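Each structure below is given as structure tokens.
Presented sequentially are two complexes of subunit A, the first with subunit B as partner and the second with subunit C.
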Partner chain A sequence: MSKPAKRDRRILWAASVPMMLLALSCVYPIYFAINNALKDRKGYILDRFGLVTDPSIENFVTAWSRARFDEYFFNSVTVTAGAVLALLLVSSLAGFALAVLRFPARKLIFGVILASLMIPVQVVLVPFYQTIVALELLNTRIGLILSYTAFFLPFSTYLMTAFYAALPRELVDAARVDGAKFLQVWWYVMLPMGKPALLTLGILNTLYCWNDVLISLLVLQDERTLMVGIAALRGEYTTNVPLLSAAIVLGAAPIVLLYVIFQRKIVAGIATGAVKG
Partner chain B sequence: MASITMKDLVKAYGDTEVLHHIEGDINDGEFIVIVGPSGCGKSTLLRMVAGLETVTSGEISIGDKVVNKLEPADRDIAMVFQNYALYPHMSVRENMAYGLKIRKIAKAEIDRRVREAADILEIGQYLDRKPRQLSGGQRQRVAMGRAIVRNPQVFLFDEPLSNLDAKLRVQMRLEIRKLQQRLGVTSIYVTHDQVEAMTLGDRLMVLNGGYVEQFGTPIELYDRPATLFVAGFIGSPSMNFLPAEAKDGTLTLGNGATVSGGGHSTGAVTLGIRPEHLMHDENGPIGISVQMFEQLGANTLLHGVLEGTDTEIVASMPGHVSTGEGSVMRFSAEASVLHVFDAASGKRIEE
Partner chain C sequence: MKTKPFLLAATAIGLVGAAAQAQELTVWDWKSGDPVTADYYDSAKAAFEAANPGATVKFVVQPHDQYYTLLGTALSSGKGPDVILLHGGAQAQTRADALLPLTAMADGFSGAEGFTANGEVIALPLTIQGFAVYYNRALYEAAGLDPNKAPSNFAELSTACEAIAAKGEVPCFALGNSQGFGGEFFISQIATSTFDDADYTAWAAGELAWTDPKVRAIADQWAAAAEAGWFYEGANSIAKFMDEYEMFMRGDAAHTVGLLSDVAHWKQFEEFHGEGGVGVFAYPNSDAELARLPFAGGIGWAASNQSAHPELALSLVEILADAERQAIFAVDTGALPANLAVDTSGLSSPALAEALALMAAAPGGMPHSILAPSVLEEWKRQSQLLLNGETDVDAAIEAMEVARNAN
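After this line comes the complex of A and B, so read on.
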């Protein structure tokens, strides 16, 4: 083997090893969760890291029925779906207005929306909680849906505005000359053309809402969402790790499924230019 | 079908006035071309007629109705855009049908009209394709189809051919003209291309810096340009401008040569002569120091300067001419084709 080839191989190894370690650090927790979810408590205490010898779905059944995860799951799905739908609807309308329509204080409003992007949730928790209480939305799913919509809307609006501003203005002009009123322009032209951006936002916002613990913990105090339920499984002195693992797998599965379903569409959405010149 | 009237039309953005007191009457069924250089306000004027830009002051009427405050949808117009502005997510059929669908016209009627327009434009076989699967020329036809199916009172064209290649542009130009004559719909067409303007328009409105320089038939504009700007803009290659002094019906050029013309005016003027009106004539008053020839096949363009000055001048000579670079060739022009403009105002001086 010649010298340069040998050096290439060394560089390859030098790059590959850290990469592999990094990949492992991502994959290992998933393996750990699935592996332990299939063990019983005794099996876990005897051998924490070893491969499961006698797999059972007992933990999933327990989590689903006895730890009320069926209720939590339903709450999470309802709230996430509601919030994501509201987010897509409002941000698409707001983006259309901010990018296309001309009205006074348009730039100021956009500036305020951008500024609200910089404020962390934690900073406004107290006034937020007081507002929820004052509106009698505490312990309601609609309250949580509205909260998620409020917190994630600035980013969604910003993205939709930027996306719509990049579309050729003539499309709106053409629709108006064709006889469309503003809402019809939005429904027939902007909404379908915004598909790639809406898909991205749908995925992102689903992730945010599904994985949220903090806001959910505040608004839904009697009932729980899935992530709050998982967090509650950790005891102060002991934790049933196999049960927790099963709950984690249950919590992650819908998101993974969603990604698998939309993966090709996401890529296709990004690849297709909205307008070819 | 309808006439269009523009009365004292002004457009301003903040304090900046971009269109100044535009006046114009467009007759029913007429094809009007608005022509001018980039930024002269021609597209803005068209968009004001369409209702896509607000009117600062003045009045636009379509038919007998003042439309200043009307939405584009309520003006009964159709528009063709430079970048076609086809809805990319709709098929050709849906693109053409959209304006009818929104007006809640019966499905059968929509189908009939789309089919009819597709036949006229020969795009019947593309009806189920998406715009991105079509070539530029085909997209342009779809954009026109979308205008035709609506059967509007007025067609508005905003530089519809400038994205096409030269050959296709000439072909589509003819088709647009034929189509307009066949349908007889009042049309306004915006372009920066003077050849397009000359060949298409019944009448041309020449716009410069937000002012109407002249509004007339192509031949009027060619034969009797009202200003230096129109004289230089209409005609290709463009008119030669020679500074001159007028006195008692005689024009004295920069090198002392004289030609008769100028009528009763006195003082500094600009003499305009089109290259095609300079006749090779051994005893002609105008001497040109020849610098180079441009062979166009049917004729030859001679580039040079007026003898003894550095005023550039172009002459168009029939056939092939290729010898004489560096020498002086003499030309004359008939008095009837000379154009004399006031040097200060740029306005035409009538005989």
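After this line comes the complex of A and C, so read on.
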């Protein structure tokens, strides 16, 4: 083996060790959750870190039925699906308008949308809550769907604008020459072309909505979504860790599955916004 | 067809009528998500809906750490729940203006004082809260002590701790004080045996100085126990909930100061040490002849005065706190019931019997629960410094006086 090849190998090994440790730090919590979800409470207390010896799915059954995760799951699916659909529709239209149409203050509007990306949710919680109450949307699923749409729309619009702006303008011009109205251009040309970005956006927004605790906690106080249900499993003083672990696995499973299926698109989508603003 | 619009209209009217008749009560708590409590809630729901045809109840579990924040925002916006679970003491009393008076329903409850404000009972207690010392009988036997003879005074506890230390396998007390809870509980463990009514009044008003011998005893006895090596060495690094209790459950310590409510109690400990494997006593104060057991009302049910159905809300509170429901809650969770009509004879646990006997024979209050929060925080800090040997009792008392006077 030549000297440069040997040196490359050493560098590779030197880089691999910290990377492996980093990977371990990511994988270990997953192992911890699954391993302890299969233990009973006594087994967990007697040996927190050991491998489960007598695995049981009892905690999953308990979480699903007795801790009412079936209800929470339904609520999460409903609000996530509703919000993601609304986000895709509105952001696609807004992105089309901002990237393709020419109208006064277009850049200013885009700038305002970009600026709103920089405002943390916590800063606007009080006026947001007052608005929700005033609109009689408190404790309604539609209220939560609209809230998610509002909070995640700036990023979605930014992403779609960037994506549409990168498409050749000739496509729009050709459709217009063929007599298509703007909405037809959006429907027949831009929407099909924007599928990769929409898919990415759908996945990212699903992650945001599904994993949200704060907005759901505030808006849907009389129902509960899955993540708030998981938070509620942490008791006043004590936590049934095996049950909580089972709930976490149940809550994370759909998203992990989604991520595994669409991981290439997610990575590609993150790069989408970086192309052009 | 002309019948179709008619049918649609009739259906719509029916739906509107049904909606108008439906009376759904919303209950907020932080317990109903716990599978252990499922039978209690199911029973209350069934009893309420049977007693009030057409009415339904929905239990909504809230994360405990956000509970009072959410409740505050909901009540201030007029969108609060009909029935609310509250802690006794300040958490209930500061919300008295939002609650319906329940005095007429409050006969036969222990711990109702903690749910009383402006002369009215504002919540019906569900459980008792208090602190008892639980000990591991097997470790007593191993140390050559009589496992059936719980220490009843300071000298006997000292003898027990010396024997356990001589054996050298486990510390005398499991202790978690990383958040200061060990020190916080110690206030009530010590002061409850010496405080009289006048002391409680002065203490609550912040007028009882830490230089008073009855108060100074808290710091003295805490430091003395630490110096004698009674406590687990790493106490300031571990949490009382649940590291300390799990340590006791594993048999890694001879004693722990546990609760009388629905966690860290006789039932959980007996799961690990077997029925009869755990004994109970009140922590003795070296300055008092009788060791009193500190306890008060734990959690209780209140009805919101914002409820659109106040009669139904009151009916539900009554059912949630009645003897039948509290018996279910007590058996399933191990919490001591506040309703005195609950028959606990069906519970065979010797540890529970000992706790109930202590409650009857040597009842005490919970001084820590009426201490000003800033003073309590300072004591938590001082308790950690005393454990670490970073301060002495005189300096700690001086710091406590500064905190008391600043409040």
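In the analysis below, the second predicted complex is superposed on the first by the 249 of 277 C-alpha atoms of A that agree within 3 Å, B and C clash if a C-alpha of one lies under 4 Å from a C-alpha of the other, contacts with A are read in each partner's own complex, and residues count from 1 in each chain.
Here, contacts are C-beta pairs under 8 Å (C-beta built on N, C-alpha and C of every residue); 3 or more make two chains touch, one makes a residue touch a chain.
This is a predicted model, so every value here is computed, not measured.
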Superposition on subunit A - do subunit B and subunit C clash or fit: fit
Which of subunit B and subunit C A:M193 touches, first, second, both or neither: first
Touched partner set for A:A180, first subunit B, second subunit C, both or neither: first
Arrangement angle, subunit B at one end, subunit C at the other, subunit A at the vertex (C-alpha, nearest 10°): 160
Subunit B versus subunit C as contact partner of A:R234, first or second or both or neither: second
Which of subunit B and subunit C A:L171 touches, first, second, both or neither: first
Which of subunit B and subunit C A:D54 touches, first, second, both or neither: neither
Subunit B or subunit C, by number of subunit A residues touched: C
Contacts of A:E223 with subunit B and subunit C, given as first, second, both or neither: second
Where subunit B and subunit C come nearest after superposition, their Cα distance in Å: 34
Subunit C-contacting residues of subunit A that also contact subunit B: none
Complex interface listing, subunit A residues touching subunit C: 42, 45-46, 62-63, 66-68, 129-130, 133, 138-139, 217-218, 221-224, 228-229, 231-240, 243
Residue ranges of subunit B touching subunit A (in the complex, touch as defined): 47, 50-52, 71-73, 77-79, 81-83, 85-89, 98-99, 102-103, 132, 146, 150, 156, 163
For the subunit C and subunit A complex, residues of the former touching the latter: 26, 30, 33-35, 38, 58, 60-66, 70, 73-74, 77, 79, 81, 241-242, 245-246, 249-250, 259, 263-264, 271-272
Contact set on subunit A toward subunit B in their complex: 168, 170-171, 173-181, 184, 188-189, 192-193, 195, 274-277
